[in-house]
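Structures follow.
Two complexes come next, and they have one chain in common, chain A, joined by chain B in the first and chain C in the second.
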Partner chain A sequence: MQQEFERIPSGCAISGIMSTKGRRMNGEAIIRSIALMHERSNGLGGGFAAYGIYPDFKDHYAFHMIYHSEQSKMDAEAFLEENFIIDRSEPIPTRVTPGITDPPILWRYFLQIKPKRLIVFGRVDSPRAFVVNAVMTINNSIPGAFVASSGQNMGAFKGVGFPEDIGRFYRLDEYEAYIWTSHGRFPTNTPGWWGGAHPFCLLDWSVVHNGEISSYGINKRYLEMFGYCCELQTDTEVVAYLFDLLHRQQKVPLRLVCQALAPPFWKDIDMMDEAQRQMYTAIRQVYGPGMLNGPFSFVVASSRYMIGLNDRIKLRPMTCAVKDDLVFMASEESAIREISPDLDRVWTAKAGEPIIAELEEGAAV
Partner chain B sequence: MMQIDARGMYYRDLNKMIKEAAWAGETEFILDNVNGQRYIGTGVDRKVNITINGVPGNDLAAFANGPVITVNANAQDAIGNTMNDGLVVVHGLAGDVLGYAMRGGRIYIKDDVGYRVGIHMKEYRRQVPVIIAGGRAGDFFGEYMAGGIMMLLGLNRKPGQPLAGDYLGTGMHGGVIYLRGEVAAYRLGKEVAVFALDDGDEKTLQKYLGEFCDCFGLDYNQVREEKFCKLVPVSHRPYGRLYAG
Partner chain C sequence: MSSLIPAEFFVRVDHQRCRRCKRCVMNCGFGALSFQDRVVADHKKCVACHRCATFCPEGAITIEKNPLAYKESGHWLPEYRKNIMKQAETGGMLLTGMGNDRPYFSYFDHMVLDACQVTNPSIDPLREPMELRTYLGSKPSALEFEEAPDGVRLKTQLAPQVKLDTPMVFGAMSYGSISLNAHRALARAAKEMGILMNTGEGGLHKDLYPFSDRIIVQVASGRFGVNQEYLNHGAVVEIKIGQGAKPGIGGHLPGEKVSQEVSETRMIPLGTDALSPAPHHDIYSIEDLAQLIYALKEATNWTRPVSVKIAAVHNVAAIASGIARAGADIIYIDGFRGGTGAAPTIIRDHVGIPIEMALAAVDDRLRKEGIRNRVSLICAGGIRHAGDMAKAIALGADAVAIGTAALIAMGCHVCQKCHTGNCSWGIATQRPELVRRLDPELAAEHLCNLIRAWSLELKEILGALGVNAVESLRGSRERLRGVGLSRVDLDILGIKPAGR
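And then the complex of A and B:
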């Protein structure tokens, strides 16, 4: 990327809504929710992840791309054509919006993997591993080309600006999703640029995050051992890759993934019964380099889940609520009340304790 | 009386309206449809009554110097940040860093409170801040507390649930924390010890806990049926020799 961004030392806002019945909602509500927390952002980044938005292409990998130039686009398209059948290629629809200036080229592709490309040394590779490799290759080796999202029936919409402006710019009122997550950025240690806005996505994982990952260096080196390249100049990227590595690849249950990232303190492990003590000791030993240090609250989503997690000493806020089939997670209660004034239950998240909302069995999405 | 429909109002406009009216002599405010507006009551330096219907934003009553604020909903983070005088009553729960560096006035929360409640609270002569939470608290209750009075009641506590989180009174070097019920010793900070109440404590409880009970329609004697204890620091300068030895 170009090194022309100023460092602006200056919280963040996050908000997520999920219908556990898979009921799809228009993007207007999530825009209103994140907009209520305007003061938490500074206009240097906003973004949304939406699940269930491409029912006509739900088995295709939807690649949302950010290009810095026509040359980047041509290079990336040559790579995509070599590896995928491109069933549709189109600009991501946007509208002229005050406050959003100088957008890069924003393009999306609906892709199927060319079956012969999956055969590596006579063995059939996993399609998801293939997509992960493709994303890493583009981000790492095609200058000025970045994958904003690469999942099925989902997409990320992000950029530089206040989140409500980014939402209107991307015409999110025209999409329907059963999970929406959103982010308003106040970049602290890393530049505000289009690829560095949240959410960070890989396959159907998306992460929006308030805080900073002080352990970024060790997490990044750990992930590199498994072929993940961290190229987006933002600490949050590692969270998406850690979920992919631990849950998709290594089949660690989601609750334990969260507890590997924000593990119990040794003093608490010492007080557990024998079986628990052994399990958490093993988690801390095996996944030490994956542990996240520093202040954070984040919302991770996938096609079946929305997960909220706070750091172990609660240095960032998160409020959760339930109303009928809707689950809400946000930095402030008012951001939830703004779109659902009456709630069945409201509570504040505890340090290090994951909150996991799951799609009901049989929900048609 | 001034009644304001705060729906969709920007916090600066709302707070300016309140401040200007208070300076002009208005003493009763009712704010309807509040949702997320920050700094309500900040810089209001006289005894006015502000009733908030809805969830106020962060830093409610920050630097407040006199107003009586009643919230008929939950409240968010950093209530009473560096508050100097006044009363905040929340008919619901409250978030993290409640009463941060508070130096006077009272904050009464009906239900649970979050993490780091009363951090850096202090007192000077007759300026003694008071925080009472009717529910349970997160970790770091009274962290680095240098003065003032805190009470944690756990009225909604179910059997087996802890009253407070870990690191209770860590770094505390002044003031007093009253607990209704007991806490496990491992949750206490190294700088505090548990004591029984004396006559002076009884007077303090009657005065402030009595007022708290009046605010929420609770029976003082019933609340007192459970045994109380107090936490006080064992050293007023726990780090005094840190760089001297």
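And then the complex of A and C:
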């Protein structure tokens, strides 16, 4: 991990597709969608998150790793071997692609937690907390090693380059997923670091984000109080960690998580009925330090959801659309029309209003 | 024997312009002016409160510093020599008023705020909502919700919270140290602006009962004016352990200021010095504090947050952590610049640490222990403007308390003679003819103006920072940079140097 730059502000393009029936699609469409918004990125970062891509290993934690040296790979593998049963270890398949230079070592592992380690960890009931802890440990204490994603039956594919080139480099046409999210980056500074590209992932959370979180300073300190280490080069990671903290750990309903991150204004809360007012007042009182302030639109995905959210005064664009079982969210309508010209419904997401697409009950993924 | 100490100031009366109206003579609370065919000044009595100069209709009065009261010395500064002479003459401990006036290093003046450019837009507070609302009280670390027929509902019951429309409260200033009219003005302004005033340790005059939902009622070591009725006439109950101007010692109210009404409100004899004990004699350790906190919660039927006010001292972080764990809902930290109505000069000027450092250390410590949410932090001690306030909030304060600034808004000229009870401005006095000068309505209006102005400025700062709610600045030290601070200072403050 590189730490010379602590936070790189950036502008961006985002796009996401989900089949609420769990129907799997290859990566062609998402590449075309993000490629259309080429102008919104500058070739210094692109990436994808895909859900449902590892049906043969769907109960394994799929760790996508970025290594800067053989040494960091050896160190990380020693750590993984100590804590996990490694059922498969292989390079992430790539192809030579013009525009993609100097890729680091890209490796993936399909892991099961060693039951004994879980007992040592002291929280037998919480394998997910164990994985979070492992991710934090690798990212913070193994130099040159970075966990790009760590969820089940999903993975992140990201790097330095235009997103469409990154997509071809990672051979995304060969994967099938029921949720695809993607990101094209326009950083205003260039660390040239593959780990710094989006999406940001923790467990099965992934975040692609357009914007800058002006409240990053307090969001980071708030998360640190709960044991999350925000040591990466972008503010986007706080979004993933906040979803993990509020939804996974504290069991706050997803819609309310979104409304804690982009809460209603007091003037609107004051006009609500008593029960609602109490609830939203408490949300702001308790989760104020987690509130995301500044311009943003992001798409957060997990194995069951794709969620779009804009900041409270909509300083970044986001368009949503529905076609049959497909839900789209993108920075521009054109990026959706490009892959699905006829839409059942298309609308602009309102400021602070979460758009939540959920997998249908019984959808086999 | 009359004093040989030279006059600090000269009162210059331009007798050409003077109309001999004697207004200045009547206005001087310190008896420095008399009329003997024309206005005559006893320079030694002048404290430079500027009451006479302000009210002279002809602008005929100027106050000058005695240019060579003491021959220059870089080490034996005039104030030290003056104090030695006073002590040689009296053998007493010197008293003073207001906050530490020594030229200590100011960390506020070596921190600067951030602003947005290009990659994130600033927000225009003239055209967009900008939220300053703040709630004081203990927050849980998580909320629980439950399904109800009409949707999701909140299940968690929060501890009592007190709403502030803007993250400010008035500092603790007792009735006794300041006049009833000053207290009236503070109460009115607090109500009008949706903030809080603080009784200090002098009890609450019954005239102010209508303002009780905007009042912090203090319980100090002297227990002046404390009874069941008093406790229940506040929005917050505060245990005063210490004060920034005089950490480790109790309150001082000279007998000169204990008038009939002060004596009734404080429940002490008329004209007696009200010297509260240095410690609370029922608090010799942290577990005793916990008992008092819960006793006060019981006494107010668990409907009020309990605050604990401490002075910023070396080990303030550990102390604050203990207080949070002892069950306090609010911790009020008063830095070494904090004001006082009367304090030994030697304590005021040499004991305690800067609020910036104390606040940074406390906020850090509470976060490291994972209990920052359990208490709200009020920080005080020399907050001079909205910039100081914004910096304090960025360091981690939930709200700031303003004492001296509020006094200045009411007319105080910072002459530092509060302890004499002669305040010509009708603020820090109980002499009826002086108290009468302070119009509570006008003073309240000035206080409201000040709060409004600082709130507008804070909104402007937030807008420039690209956030539209104060909670996004609170504790966001990323938005501060140090200029000219050492590595260790930066480390304690938890901020980066400018350029990083």
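Here is the rule we use: the second predicted complex is superposed on the first by the 345 of 365 C-alpha atoms of A that agree within 3 Å, B and C clash if a C-alpha of one lies under 4 Å from a C-alpha of the other, contacts with A are read in each partner's own complex, and residues count from 1 in each chain.
Quick note on the criterion: a residue touches a chain if its C-beta (ideal position, glycine included) is under 8 Å from a C-beta of that chain, and two chains touch if they have at least 3 such contacts.
Keep in mind it's a predicted model, so treat the numbers as computed, not measured.
The superposed arrangement places chain B and chain C next to each other on chain A without a clash.
By the touch criterion defined above, A:351 lies against chain B but remains apart from chain C after alignment on the C-alpha atoms of chain A. Shared-chain residue A:129: touches no atom of chain B or chain C. Of the two partner chains placed around the shared chain by superposition, chain B is the only one that A:37 touches, whereas chain C remains out of contact.
Within the superposed three-chain model, A:85 lies out of touch with both chain B and chain C [touch as defined at top].
Applying the stated contact rule after C-alpha superposition, one finds that A:253 touches chain C and leaves chain B untouched. Geometry note, superposition on chain A: angle between chain B and chain C about the Cα centre of chain A is 80 degrees, to the nearest 10. Ranking chain B and chain C by residues of chain A touched puts C first. Using the contact criterion defined above for the overlaid structures, shared-chain residue A:220 touches chain C, although it does not reach chain B.
In the superposed pair of complexes, A:337 makes contact with chain B only, with no contact to chain C.
By the touch criterion defined above, A:118 lies against neither chain B nor chain C after alignment on the C-alpha atoms of chain A. With chain A fitted onto itself, chain B and chain C come no nearer than 5 Å, counting C-alpha atoms only. Note: residues 267, 313 of chain A belong to the chain B contact set and to the chain C contact set alike, using the contact criterion stated above. Of all the residues in chain B, the ones that touch chain A in their complex are 11, 35-36, 38, 54-55, 57-58, 74, 76-77, 93, 95-96, 112, 114-115, 138-140, 186. Listing the residues of chain A that touch chain C in their complex gives 7, 9-11, 188, 211-212, 214-218, 220-222, 224-226, 249-253, 255-256, 265-267, 275, 278-279, 281-289, 291, 293-295, 312-313, 315. Partner chain A is touched in their complex by these residues of chain C: 116, 118-121, 123, 128-129, 131, 133, 135, 137, 139-145, 148, 150, 152-154, 156, 158, 161, 367, 370, 372-373, 394, 465-469, 471-479.
Contact residues on chain A toward chain B in their complex (touch as defined above): 36-37, 39, 267, 271, 313-314, 317, 319, 332-335, 337-338, 346, 348, 350-351.
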